[in-house]
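So, here's a batch of structures to check.
Here come two complexes built around chain A, the first alongside chain B, the second alongside chain C.
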Partner chain A sequence: MALPRWFPVARKEATTLLRSKGTWILAPLLVVWGYGPTYISWDILGPDVTVGFIQVAGSTLLPLCVLLLTYRSIIQERTSGSLKFLLGLPLTRTDILIGKVLGRSVGAVLPFALATVVLGVIGGVKFGLFSPVRFIGVFLVTVLYIAVLVSVATAASAVTTSTVRVTAVLFGGFFLLLTLGWKIVGVRLYSAVTGNPVNPFEPPADGLLFAILRISPGRAYRTITNWILGVGNSGGQYTSVIEVLYPGISTNEYVVDAAFSGQPVPAYLHESIALVVLLLWGVIPLALASYRFNRGDLA
Partner chain B sequence: MNRRQYLAVSTAALSGLAGCLGDPEYTISSVETDDDSHPLALDVATVDRNVVIESPGRLNITLRNTGTQDVIIKNTGVWPLGVLGLVPADESETAGTLLVTDEYEQSNTVEVRPNGASKDNAPLTGTLAAGESIQRQYELIGRRIPRAGTYTLQGYFDEVPLSYRTGENADWVAYHPSVTVTLTEQSVLP
Partner chain C sequence: MTSPAIETDGLSKQYGEVVALDALNMTVAQGEVYGFLGPNGAGKSTTINLLMDYIKPTSGTARVLGYDPWNDVVACHQRVGICPDRFETYESLSARRHLELVIDTKRADDDPRALLEHVGLADAIERPAGEFSQGMEQRLALAMSLVGEPDLLILDEPFTGLDPHGVALVRDVVEAESERGATVFFSSHVLGQVDLVCDRVGILYEGDLIVEGTLPALRDTCDLSSDATVEDIFMRLTDGSAHAGEMDT
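What follows is the complex of A and B.
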């Protein structure tokens, strides 16, 4: 069976990333960032607290590093002129996009996988045997999240003609607003639309608020991983979700189980919908970028 | 700064960040008791000095009647040691860290909550015979510890955990145990 046309591009992208020391620095960074056990999370999760480390590693540092590793994937080739050479090969522009996304995803996943193994060993030694199903489940969802991030970064890189512009879009818009700051931005958006102020310690049982909050790919990722961990229906970090549901502790995180206590929860707030949101983030920006990239000027 | 220096500095800085998103763990590095002239003496032995995420530290606290007469002991909560806590030695006004014992669950006079406790104020009275001792195990839960430092053992609700007298007609004497417990923060890196 013949290999797909995009395969050489993907292989080159993956090997280029994996030969770079900077890529492998990501692994110890993620271990250091992810390892953060808390007394309350141990009370609730027991040995599965180790699984939570993967979510923490995947929540802030991983998106930043993945974006850093991929944001120049197309624009660099465009500004250097090598994109024209690449298109001289029997490849379509879509092949190039697919090859870039898959290759860079593999290049980013491997250091993350190494970090996951190290976190698993450290957590397993200290806290005992955790659920392998939950561990693998959270790992696979994080791999999907990496692919989504690479897809978004590649899409942004494909539709802009300036490195400064793609940097601003990805780090100023996507990372700062949609990943880091979406809890604040989303709540303000909800208040602006409905006119209802939100007390973060006692959020209203309004499906719209929670639906807006999980539009963010980062919060959608955490909603799915919190589902696997079994800590609660929320896009917050698992330690914050546990604190909200822990008696006697008050934290400003938005947890469906706490806000809708005793009331019916809208079906669209089910955790599985967050998986659809994440998949859409992986497909729609890339599809739009592909449309424009196929018709745009390479200059 | 060349690339090697940059990598070394970055790695060192990151190592310093290790575990910064987690809760601190502690070691009971020392327990000191001062004997005084009371007929009662308190011995504190460390059973488990590691106050870590997965298990609390444990102290065996023994109350001994070192005198030649029976001692009548009065307190509240659970008899004879009551509800104990550790208070920072340098800030006596600060709220204490609750020491938890299985006795609280068995009694219906003490209720332990995630971030506090309450107790029935009905007095409990009993007699500790001459030469007799009573031992209870207390747990030191890391989540309840505000920071590392030196702490003084005293009642969690009242500074005086118990009162005693040596005869039915004698006056009650407040018992102030003289025990200091030093907690040091454990390093995340081995």
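What follows is the complex of A and C.
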């Protein structure tokens, strides 16, 4: 069976990333960033606190670095003219985008996988044997999240004509507003739409509020990983979710189980829907970009 | 072998108000070496960009080896080799990796070393292209264009940035590829090189193909002696002085 047409492009992209030192610096950074046991999370999770480290590593530093490793992948080739080699090959432009996304994803996943192994060893030694199913589950969801981030960055890189613009859109819009700051931005958006003020320590049991919060790819990612960890239905960091549900502690995180205590929870707030949200982030921007990339002038 | 290697009909490209190419009608027969000449800004690169699907036309049609160059890209590029103009190579990848990218995508069975030997770069096979001089990058691109014995070789300004050895190399490559049966289509604003290699030339001037034919025929048309060069023909056709200063001979 022949390899797909885009395979050599994917191999080139992965090779390019894995030969750069910046890619591998990601591994130790993620270990340092992710490792952070707390007494309360140990109390609830026991040895599985190690699995939570992966989520923390995947939450802020990972998306930033994955975007940094990807956002120039097409605009740079357009500016330098090397894209003429790829476009001159027997490939459709969609093939080129697929090769870019998959190759860069592999290139970004490998240092993350290394960091995961190190976190697993450190956590395993210090806190005992964790659930391998949860560990692998959270790892795989993070791999999916990386592919989604690469897909978004590639899409932006494919439709822009300037590096400055793609930087602004990805880091100012996608990363800062949608990923890092969505807890604030999303709640403001909810208040603006509904007119309801929100006390972050006692959020209302309104499905719309939680649905808005959940469209952030970062919060969708944490909703799925919190589900695997079994800490509660929320897009917040697992430590905060545990604190909200822990007797006697008050934290400003939005947790479905706390807000809807006793009331029926809308079906669309089920954790599995967050997986759909994440997949849509992986597909829709790239599909839109592909539409334009296929029709535009690239030289 | 019936369809021409390249055929364009009213092929035009406009950027807003600017006409980069104005209704180009051109036919390049299979097996010929066609020199596509003209000063910078005449529309040569625009034409090649259109034929390679780097850009889309405003109007008009084209066929490359019988294929629609914008909709049958995969089938078309499988049989085309391109040496682009104004490009950079991938700085962290070795010369071998560059060739493997093309060989594997085209599913060809060429040996990267043999191709690099052909262009005088075999010594640099494992070196990252970021260390290459402009001439070496040009040679690497030429080697990449030869992968898979293309039926049509498109060389965009192949003499740019080459020393005399490099220029001789391009001529040898064109001759060898032509002998193998390939069609060679190359653009150049350096008129001095083309007399020796072309079967036929077309001269593009301000977005228009102003003349096309074999060199002897063009000399006759222009009423020039048999030792007249492409430059003489060009100067005669464009009334001498207007753009002569832009020509790089």
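One rule holds for everything that comes next: the second predicted complex is superposed on the first by the 298 of 299 C-alpha atoms of A that agree within 3 Å, B and C clash if a C-alpha of one lies under 4 Å from a C-alpha of the other, contacts with A are read in each partner's own complex, and residues count from 1 in each chain.
Please note the rule applied: a residue touches a chain if its C-beta (ideal position, glycine included) is under 8 Å from a C-beta of that chain, and two chains touch if they have at least 3 such contacts.
This one's a predicted model, so the numbers in the text were calculated from it and none came from an experiment.
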Combined model on chain A: chain C and chain B, fit or clash: fit
Residue contacts with chain A in the superposition, chain B compared against chain C: C
Chain B versus chain C as contact partner of A:Pro90, first or second or both or neither: second
Chain B versus chain C as contact partner of A:Tyr246, first or second or both or neither: first
Partner chain in contact with A:Lys126 - chain B first, chain C second, else both or neither: first
Which of chain B and chain C A:Thr38 touches, first, second, both or neither: first
Three-chain overlay, vertex chain A: chain B-chain C angle, C-alpha, nearest 10 degrees: 150
Touched partner set for A:Pro264, first chain B, second chain C, both or neither: neither
Which superposed partner A:Pro197 touches (first chain B, second chain C, both, neither): neither
Closest Cα approach, chain C to chain B, once both complexes are overlaid on chain A (Å): 17
Chain A residues contacted in one complex by chain B, in the other by chain C: none
For the chain A and chain B complex, residues of the former touching the latter: 21, 25, 28-29, 32-33, 35-40, 42-43, 49, 56, 126-128, 246-249
Residue ranges of chain B in contact with chain A within the complex: 7, 10-11, 14-15, 17-23, 53-54, 113-116, 141-143, 188
Residue ranges of chain A touching chain C (in the complex, touch as defined): 2-3, 5, 7-9, 11-12, 15-16, 19-20, 80-82, 84-85, 87-93, 295-299
Chain A-facing residues of chain C, complex: 49, 52-56, 73-78, 80, 82, 84, 86-90, 92-93, 97-98, 100-102, 104-107, 141, 144
